[in-house]
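In what comes next, chain A is part of two complexes: it sits with chain B in the first one and with chain C in the second one.
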Partner chain A sequence: MTKPLTFAVPKGRILDEALPVMARAGIVPEAGFHDKGNRALSFDTVGGDVRIIRVRAFDVATFVAHGAAQAGIVGSDVIEEFAYPELYAPVDLEIGHCRLSVAEPVATAGLPSAATHLRVATKYPNITRRHYEAQGVQAECIKLNGAMELAPSLGLSGRIVDLVSTGRTLKDNGLVETYEIMQVSARLIVNRAALKTDSRVAELVEKFRAVASGTSA
Partner chain B sequence: MTDMNRDLLPEGLEDRLPRDAAAETRITRAVLDVMDGHGYDRVRPPLIEFEKSMAGRMAGVQPRRMFRFVDPASLRTLALRSDMTVQVGRIAATSLAAAPRPLRLCYAGQVVTIKGDGLDPTRERLQLGAELIGADSVEAAGEVVALAIEALEAAGARGLSVDFTLPDLVDTLAAGPLPLDPAKVEDVRRELDAKDAGGLKAAGGDAYLPLLYATGPLDRAIAKLAEVDAGGALASRIAGLRAIAARVGGRARITLDPTERHGFEYQSWFGFTIYAEGVRGAIGRGGTYRIRSSGDGGVDEPATGVSLYTDQLLDVLADGPERDLLFLPIGHDAAVAARLRAIGWRTVAALSDKDDPRALGCTHMLHGSEPRTL
Partner chain C sequence: MTKPLTFAVPKGRILDEALPVMARAGIVPEAGFHDKGNRALSFDTVGGDVRIIRVRAFDVATFVAHGAAQAGIVGSDVIEEFAYPELYAPVDLEIGHCRLSVAEPVATAGLPSAATHLRVATKYPNITRRHYEAQGVQAECIKLNGAMELAPSLGLSGRIVDLVSTGRTLKDNGLVETYEIMQVSARLIVNRAALKTDSRVAELVEKFRAVASGTSA
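Let's look at the complex of A and B:
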């Protein structure tokens, strides 16, 4: 069992906040990781038997769920969207805070609605469907990968479900947040079977747990 | 477009070609031999039963996961089996109701589900299992765990790891030491299962947080579980876990995850999952449960069992020992060939002069009464 552990991190928003947390847990990527010109996707770490892969947030969950990576960092929005039973999210890293919300055009927001069928543009079709199902509403989800805010003004959908941190993008596009579905923060995730069969994964969880409780206390 | 897909197999179903089928036969035989050796008698229930009898025998069985259709004879709904444990439970509660207890039964057969499980699209599996009916004591659990490990070792699995769990732990705690609003129990169980500390707080299960940390290697996890143990409600369970672990000895790595519920639909106080080196996901699962009586004032019966799903072992073990194959040319002496087969040779008889022994994978050729290496 000398194969290095693979640790998946998401590109973008969460990564900048995650790197210091990872460093305190003893995972420091090699210099090439920070080189913008470097096209590599897989990186060594300083002095550890951990390899880091940098992929899209949704793919972090997929790699870890399939056991191709043993651990990773990803937002609770992604964990909830996939709801993979193979994923454990043992540590709330208390970083990357935002919320997943419903937003509607300012003009129609707040109007009473008795619709049993809605069209929603979102990157999170599963969460959206579950959210509306709980209210007895069929949500027809139009899956977009970005720029959700355009959908209502172009008539693609009546509302959107998307991540909101400051609300600035919504405002600039004539939308207003009408309902908060969930609070989001970044979590350490590990593969269920890996945690139970490889003691290094459990040690990793302990390290991150110590770091997280240190920062929040 | 129409005919192109004629030979396509449906999602999650596959053929086992000779190499895999041979390995599967070896595994099945090895596992059943071990179970037979420990006094477990084989039973062979049918592939299809009434949905009602499959669904009603144990709490938590989901008929939604079964292939179902209407029986033209009885006009009742039939289901293809998705778990043979339920069928063995039926046998124990009906035909073998009068048999002395504890009753030891084993079985092997294909099971199908209408949908794959999570990330795994497989819909047909080989299930090998043993059920010890009439007991769900620590001794019964110890016997079944040890039996499962011995069977898997015989099948060729290496680097075994057993994860213990306490399936009814949350219900026990919620009813006593750590009271919980019944409406919240399901949410708390879900977040505990996902090991999601943040989600658990959000679901109102703060008091249950320490359970998340009571996972890992058995001794360490038990120490932490004992700290949570408000009022000693878990003392007997902890003692039970230690006794079962002692039965295993050093033959497998043992971990504890008291709140694992993945795959434990009907287990009661004790459950376990077995992992093997090189195999992604679990290879076996078992625990204690109760078989519902057939009604009419009967009583539920305790039982302990294990199911092994060895399909994934094939990837690790498919290359079995190289076997000799003897080519019998046209006009060979049939009596000689029969004698050689009787002492263990595998033979391939030529049908025409054009048959090429090497191309057919033969290692030897029969010359007169003597096999010679090719």
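Let's look at the complex of A and C:
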């Protein structure tokens, strides 16, 4: 018997949209996956030799990059933040659309700025640093795991870099989007070494590619 | 009018135990704080000039260290991981007890090891690195935000460093605790600069100290 493939999916936002896509590619989690109270992290799939692990989005990338999972689904924001060389993202699943943007208080937005140093609160310090470096600005990034939108009103930072979907959260906190760094959508990711050595990974990529292009059965 | 003090509390594990302690120190959140569906991050308190923010445990330390919150409650694990010099933890609240430990698969635990290099999955890379450095072992830390207990069975790492309370999660995943790095409990933390410049912060420390020593009214 060969070991089952491990497929990593993120808790939260993307998962509801990802499940139908996975189903069309033949990956259907066991019933227990949908139990609200179920705190299990690892699940069998229906009739397949695939095991699903459900972890935080940032951890999806880490498990796949290290080959602990052979494939998974994660947002392009996370892929870009880590920039793991071992990680290959061959298929845009066209789900989980949002954008990663700079936002700041309505009061300062649009004012001319000669700042060569600024503080930014973000979950994405690498992307943020690269973004400002390209503009010749040194950004001091304060890493937060959530609640970025509190930072400006509490004086933690003048700006934030965060995911924006409807813009509602920003508005509720007196913030306005001032620059879009990247469009985000969810991708199929695979471990490069696993893709070369395990034909099931290549087959998985083809299945997801067919689903994404609308040519699957 | 002076600005309200901002008091940061962590989502999750510690909060239920922290609320009665805060109440005895005079900090009672508005009713909306307890609404399950309420996704707000910032709350008024009953009759006080204190505002509560509810953020992730790691972010509690970050907000307080930067003076964006003047005080808060967080586990000693988080304090130790960041080791922010601006952060002062004057009162052990004797709640949220657990321990931070090394765990590994039952199969390898206790075997003699001559390893001078090992991989450890953890949410606490700084504490973990320091722990192994003190033993002359170079530890490659793989930072995970959760689901550490999956790492050994998936081949991500031979060991994990994680919070342990009952040990149930470890057991369910075929792991056993092999070394206790530190005992953990929740502390009152304050920003050092705020403690020097705002007498309300010093008063808050005295109130919590009285509560913790059982001498409060």
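The criterion applied here is as follows: the second predicted complex is superposed on the first by the 213 of 217 C-alpha atoms of A that agree within 3 Å, B and C clash if a C-alpha of one lies under 4 Å from a C-alpha of the other, contacts with A are read in each partner's own complex, and residues count from 1 in each chain.
The working rule: a contact is a pair of C-beta atoms (placed from the backbone, for glycine too) under 8 Å apart; a residue touches a chain by one contact, two chains touch by 3 or more.
This one's a predicted model, so the numbers in the text were calculated from it and none came from an experiment.
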Chain B versus chain C as contact partner of A:F58, first or second or both or neither: second
Chain B versus chain C as contact partner of A:V91, first or second or both or neither: first
Touching partner for A:G158 - first (chain B), second (chain C), both, neither: neither
Partner chain in contact with A:H66 - chain B first, chain C second, else both or neither: both
A:P105 touches, of chain B and chain C: first, second, both or neither? neither
Touched partner set for A:P4, first chain B, second chain C, both or neither: neither
First, second, both or neither for A:L144, with chain B first and chain C second: second
Touched partner set for A:S42, first chain B, second chain C, both or neither: second
Chain B/chain C common contact set on chain A: 66-67
Residues of chain B touching chain A in the complex: 118-119, 159, 161, 163, 193-199, 202, 212-213, 215-217, 253, 255, 257, 262, 273, 275, 277, 280-282
Chain B partner contacts - residues on chain A that touch it in the complex: 65-67, 76, 79, 84-92, 183, 185, 187, 192-193, 195-197, 199, 202, 209
Chain C residues within the chain A interface of the complex: 6, 41-42, 53, 55-56, 58-59, 62-63, 66-69, 142-147, 149-151, 154-156
